[in-house]
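Single-structure report; data block below.
Just so it is clear, A, B and C label the chains in written order, and each chain counts residues from 1 on its own.
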């Protein structure tokens, strides 16, 4: 038996909205501790790591750990139908092999979708030695990416002692966003060693576009390492982490 | 001579905007009592019944009953150009065989369109024994239809003693909106006998999509009968009624 | 050396946004007095005349007159990335043959674009004897043009002693916008002799669509002469003028 209830649908709505651009199918594990999901995108460039612990729910009834295979495109269609402030109930209908989502607001709306078989892939557990961290408003990253899109497909992230720099260049021109200590968009900057790497703009755009511009994103960066982006979920109770592989910079 | 004036263009603007999705051409009767129009959609699944009595006008000068054939697509283009709070004057230019619409606001704008020949078809006058009535916010119906669209082409409306249910199902999943006594979206529920029938989502969407989500729609329903939707026009002085044939439910 | 600074990027953003619909490439002259640009559209129907004097800048450092060839489509993409209230710095990077634009707001963003060769064409200096002038809200002209679009490709502008009339007609119908003395949309009307001419709607739409509906446009008109449209730039310090050739009216 799986039956869990959240005070507002917007927490899950936002998370699913951010995953769906990268991942089509995923296995969600409903455990006594909470809901977990980990998956790679089809081209194995991005890894999503999602956790929503019991504390993020108003009611949480799970008799035994259950893995539900979900088509995220279909689930996102349903989540999009909920209003942000609707109460949300998730249930697993074993007989029908369906998950149902109930939105309680002006009316009570229950939508269900068939579950699918999702093979649980062996996922890498990368141990990465990030050397620099920045807490940044999502709007700043979105700006840096949209600027970079004007000139090319790749974007460089660079953290030095004093600032985060998002830049791109091609024969079409150059773009460079600088966010330094004291700037409103920078909440925190923590640098052991300067770090720099280049990434595909489209992937970073897919990851960040569903965020609200005032959300805070934590960036972890190393020299030519993957970038790790953490979003605050359910007032910090949950976790939504994206890890994106770097592009090799042509020297 | 036909020359009538309304305090605000939005009344007619909304009505034309709701008809135009179903009907392309229509014969409007300008009579001493008011304006009337009745027409079926090309596939004879939906009937529109529209009346705007003299009381809805600020000035109303009609010497003799006149029937004007109007291409609703063209008329809707013109009505869309008016601002909601513009004063609106309708006139029939006999010499040119045109109808002119004058919007008075920041400037005075007069747009005219050629009249067309519309054969007045024999229209059915169905006597339907509806057994259940619900007064519902348009937004609730719009939600129920958009939910249902996720899983299929048809939607079931059902009124029982306690609630209105809008539902759909297919191999893609199920959707079900329940609106019960006490819910904010339900203004009135009146049930002689439970009623249920299935309809095409696209038609119901076309009928309801131009409504504001806070408009009240009166639903009349019977067992496998057409659905009758009434919109309040000009603070209840006018009438805009849609009748839509049911789909046969596969058992 | 070219390095100039404006308090808000929106002044240039709006001007470039209005030019880009007509002109793809242009030579901007950076002189000690200010920035100037004059160009015709590819079909030689419209002339743009733009001036932004030193007074419109917070800082203005130009050592010697410099002509920069700019692809307006690319420049508009960059200007669109700036927020209206961002501070804007324009610089010419001689070594790289690039112009850079720096937006200072929540972060500091510097975007550069390669300069291009623009042949400076011989431009006509028409001496036109306009006989009528009207100062009008942009929203009124936009309304008149969108109305006219319903019935055809051309629109007639007419100024008489008492009013401005924007009209169109075809077998599809007629449209006519009248703006008279006392109407809110008309700021000033100055008539030596009644004037009238017909123009292409698409061109006038391209010129006026980026304007805010509350901007004031000054119209100069003569009998079958080009129309001259002046927009107020930087609180009247600058000049953005469009001159559009008339269409010959079929009699």
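FYI, contacts are C-beta pairs under 8 Å (C-beta built on N, C-alpha and C of every residue); 3 or more make two chains touch, one makes a residue touch a chain.
Everything numeric in this text was worked out from a predicted model, so none of it was measured.
Residues touching across the chain B-chain C interface largely differ between the two copies, under half of the numbers being common to both. Rotating chain A by 120 degrees superposes its CA atoms on those of chain B, with the angle stated to the nearest 5. Our note on geometry: chain B versus chain C, Cα centroid distance of 43 Å, whole angstroms. Contact of a single residue of chain C with at least two other chains is seen at no position. Within the complex, the chain A residues that touch chain B are 74, 77-78, 81, 98, 100, 106-114. Chain contact summary for the complex, chain A toward chain C: residues 137, 139-140, 143-144, 146-147, 150, 171-180, 183-185.
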